Amino acid sequence: MVPDTMSQTVVLGVIGSDAHVVGITILEQALSAAGFDVVNLGVQTSQEEYAEAAVEYDAQAVLVSSLYGHAEQDCQGFHEVLEDAGVEAVTYIGGNLAVGQDDWAETRRTFEELGFDRVFDSETDPEDAIAALRADLDITSTESERATISS
Amino acid sequence: MVPDTMSQTVVLGVIGSDAHVVGITILEQALSAAGFDVVNLGVQTSQEEYAEAAVEYDAQAVLVSSLYGHAEQDCQGFHEVLEDAGVEAVTYIGGNLAVGQDDWAETRRTFEELGFDRVFDSETDPEDAIAALRADLDITSTESERATISS
Amino acid sequence: MIRDERIPSDELRRIDEEIRSNWETGADVDFEEAIEYHESLPEHKRFADVLESADKPLLQPRAGVPRLDDQIELLEYLHREGKADLLPTTIDSYTRDNEYEKAQQGLEKARETGDDTLNGFPAVNHGVEGCRKLIDAIDAPIEVRHGTPDARLLAAITFAGGFQSFEGGPISYNIPYTKRHGLEETIERWQFVDRLAGAYTERGIRINREPFGPLTGTLVPPSIAIAVMLVEGKLAATQGVRSITLGYGQVGNVVQDVAALNALKKLGNEYLPDEVVVTTVFHEWMGGFPPDEARANGVISLGGMTAAIARPDKVITKSPQEFQGVPTKEANASGLRTTRQVIDMAIEQKIDIDGIEEEQDLIERETRCLMDTIFEHGDGDVVQGTLKAFESGALDVPFAPSDSAKGAVLPARDDDGRVRIFEWADLEMDDEIKEIHKARLSQRADTEGREQSFRMVADDVDAISDGKLIGRPQGGA
Amino acid sequence: MIRDERIPSDELRRIDEEIRSNWETGADVDFEEAIEYHESLPEHKRFADVLESADKPLLQPRAGVPRLDDQIELLEYLHREGKADLLPTTIDSYTRDNEYEKAQQGLEKARETGDDTLNGFPAVNHGVEGCRKLIDAIDAPIEVRHGTPDARLLAAITFAGGFQSFEGGPISYNIPYTKRHGLEETIERWQFVDRLAGAYTERGIRINREPFGPLTGTLVPPSIAIAVMLVEGKLAATQGVRSITLGYGQVGNVVQDVAALNALKKLGNEYLPDEVVVTTVFHEWMGGFPPDEARANGVISLGGMTAAIARPDKVITKSPQEFQGVPTKEANASGLRTTRQVIDMAIEQKIDIDGIEEEQDLIERETRCLMDTIFEHGDGDVVQGTLKAFESGALDVPFAPSDSAKGAVLPARDDDGRVRIFEWADLEMDDEIKEIHKARLSQRADTEGREQSFRMVADDVDAISDGKLIGRPQGGA
């Protein structure tokens, strides 16, 4: 195992009443394989559960997934809840974020305004999320590879 | 064989430049099985060829098939050609008789006005044509069955 | 402690009265009067009889809209234009969550505006009378399809309302549908549903019950699905159900799908009591569809071809608009007719494919391992065994959102496109069988020049919607 | 007396000059310059190379409109949206009848009005330059598809215009297409076409030739179709053609279709000279289609499934609008994508169906009977043998409109849906084989409780458009 001090902890889950589990299951596998410590909260996760887990595991990143089209309402006030709990992690959201995703630029802006650091569409590969995490958490690819080799 | 004096001769063919052969092949088989003497002129038959065959074989009926949508123009003057040749046979036409067969009643009237005794659509079973021939040529079904049995 | 035992009559009556008080329409249910209503229905509306006496696979779509008139019109259309043999009534999401008040608001809004404000037919709110108007109007048997963990009131009302078939079960409507409903709770709820169906059955009204075979709909290994079907079938039989339709969702490999349907039928007859008439239902591909109607028709047709070879008793069809969600009625009927054409062209042909028996044998061995572990976990009791096996992970379902299953087992396709198990986690299985799966996946890894990894799983999940069966690496190795 | 011998160079030149004077655009053909043009084409536009090196069945639709710009747009669309691997240019009916003047009028009217006044692309009228603009514009190989008994000028212009594949042959573009063109005449005409293709081939430009396998498209028994393919392949090879694609039209029974494609490939390699590269093309169902796009998609998908199992080198696809005639470009692309989806989902699966070898063996035996009788009729010469065998009826095609074939042989499906021969007329065949057909048809008659009769033929002709494979009696026996 990678020593705790070196590893980066990521909390992930599906927000709201959404029960789409396939995406985060695969993301969990990809993040683990890439050397991250993953806390998978599963589907139908409330804003409070994200905040509690982020505090408990001292997470560097909170990844929110939503595929059933109600992401915007489910994420109202999410960043206030995180802030109140003292969470300073980067936040990403990804999935089918609007019912009719005609204008992706607008959808992205909506979620950036809600406070997310990055917004991904449902076609995003796990690798893209991993690359973004490495950039945002200041991990070089080499470091991570070293970690994988030593594990 | 049925004696010549008892049998009824039917001339059939596909008129104009039409090369659809399946329908008349099946009709030929059905008419033969029902006891008629059949002269099958095949596809791409001209008005003159019908008239010549009707005279040569002393036909009681001339059956015209058309499936490519140009029946009306192919049949212009057909009954004059038959009359000039001295043909007194009943005449039937069947097939896809108009390009857009929306109004079948109108299509039927068109061909009746051209001189055909009966007009059939492309869904007609051979049995219907045979029943019509028996009625028009005054053959009882029993007679025909007797003929079939004696053959 | 909940066990696989028949609910006593007085307990049945007590629960029945209790749950009927959950919503006002519950008061209209009168069992004796309902029996009379069912007896008045003509033969061709008796679901179990129609299904069990069919000489070729019957087709059934999915369909549900909030208003009664619209639902009648929709089902008439699918019957007339889609030539559906059996019809569905799909229930809305609020009713599935027992939120009858919200369903009522949605229904009233639908009546006011004419919009489909609910994603299904709120049968509880329509009540016994509304249901019977539907049954009376449609000239074919109709099944209730939903996804409700606690379907007791829905069952009480729809059974009294004249429906003679009811989809779902304690595992199959829990594990894939909800996160927090405990399995023990849903088993108890569904014992009541089955007992109620059993009560009708004893009076000569054989209510058909249909456990939901596809589970999570995503690369579920056949033996896991079949084991869940056998458990739910056994639980229903214990409560007196005598017409049970076991389900299976297409994985897309023809040999494996035919083998699985054969195994499902065989093991169903073996594990369920003799007095139960076992039938099978095949669900056309339940995973992601191509975002293109032309390609979707290809996926649907492969399902039709599989059905023509395996000859299940029923096929649940998909529509070419599957990608975008709820289809128009035209697209729904189109999926039915495409399936019908393929089945009718292929079903009279003798198509015996090599390797089906071998694959069926493997599926049966795997299923027996899982059934054995369930019986062992419960010391012979299926209910306790199921609870404990899910708890230990000895029984598991891939991609299960429920907290009641570990969801740790992961599937991947082998080099022939058959679904194998890549990550076993704690799933109970003979080592010999594990070796077979490992060897088949290793063969694929060799073909693709990459290691066995979760990447295969991820690629396979998207493969059919991307136009292939197997998620091969794109571009370079 | 015309024989299967190569046209001498001077004779080739004489005919070439003569036929090029039939229409003004003939003057623009310059063989040496044409060789240079072909040499300048990139690898991915070389038809024979692309087809012969493919590792899965390539898809090709049918498509032709009168104006050059429209044809470019149509082919670009089918390439981009339909993902067609190979493209077609279907020629109009006037050109097929060598009525270049009428084609010219139609083309001019099309240019004036924007309407499609012709049912295809009049390549002779577009001339060498017009053809090359098309070849230059489209990023894939393109084949000329037509139905022309005398295609000499069409070949001269399209070969010089950069097309590297040309459908048709002296039997397959005569017997099913026209009444009065003599077979001797069409053989002579096509010897020139093949010799011209051979002349290009000698210079390194391998023009692919594709005899039209489906013939009359209506329940053609596989052995008859294959015998005609072998004859046309041999005639082309004699004239120097080295890339030959033998065709076969789907009959709808999977086992028989796979067996026929296997036999076609095997016998093609056996009967044709070693220096010829033999490939195969499978035509999706050429008979009557259901008047319903949903059902038509089922028919198309069964073709895709068959192709996935038999793996021909090429598949000619149908569109869901087949019933109504020429499809929109969207429907045409849709037929391509449905076919692609089915093939791509099924092709990696190991699907070995029992009985294919046995059926293939029967087809091969039948074909050898027919080939033997052809050789005997001609005292070893294929041309004379073909002429005399058609004249005697020893070789025949069902539902042939041509006076050159008796058209007296009649097919019917057996109880499994395979096409057998019900009326042999004078077709040459071993008695043992006739007994096999008779027994299979008798089995069907027993199943249906009726006598073997032409009614079966009539019912079978309509069956697929009515939604079934076999034309069973409707209602009572």
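Order of writing sets the chain letters: A, B, C and D. Residues in each chain are counted from 1.
Here is the rule we go by: a residue touches a chain if its C-beta (ideal position, glycine included) is under 8 Å from a C-beta of that chain, and two chains touch if they have at least 3 such contacts.
Which chain is which protein? Per UniProt: A, B = Glutamate mutase sigma subunit; C, D = Glutamate mutase epsilon subunit.
Just so we're clear, the structure is a prediction, and the values are computed from it rather than from any experiment.
**Student:** Using CA atom averages as chain centres, what separation in Å is found between chain A and chain B?
**Tutor:** Chain A and chain B have C-alpha centres separated by 77 Å.
**Student:** Indicate the whole-number Å distance between the mean C-alpha point of chain A and the mean C-alpha point of chain C.
**Tutor:** Taking the mean C-alpha position of each chain, the two centres sit 32 Å apart.
**Student:** Centroid from C-alpha atoms only, then distance chain B to chain C, rounded to Å. What do you get?
**Tutor:** For chain B versus chain C, the centre distance works out to 57 Å.
**Student:** Counting only chain pairs that touch, give me the topology of the graph as line, ring, star, complete or other.
**Tutor:** Contact pattern: an open line, chains touching in sequence.
**Student:** When you check every pair of chains, which ones turn out to touch?
**Tutor:** A-C, B-D, C-D
**Student:** Enumerate the contact residues on chain C facing chain D in the complex.
**Tutor:** Residues 252-255, 290, 292-299, 301-302, 304-305, 333-342, 344-346, 348-355, 415-417, 464, 467-470.
**Student:** What part of chain C is in contact with chain A in the complex they form?
**Tutor:** My answer: residues 177-180, 216, 218, 399-401, 403, 407, 410, 453-455, 457-458, 461.
**Student:** Note which residues of chain A are touching chain C in the complex, please.
**Tutor:** 14, 19-22, 25-26, 29-30, 33, 42-44, 126
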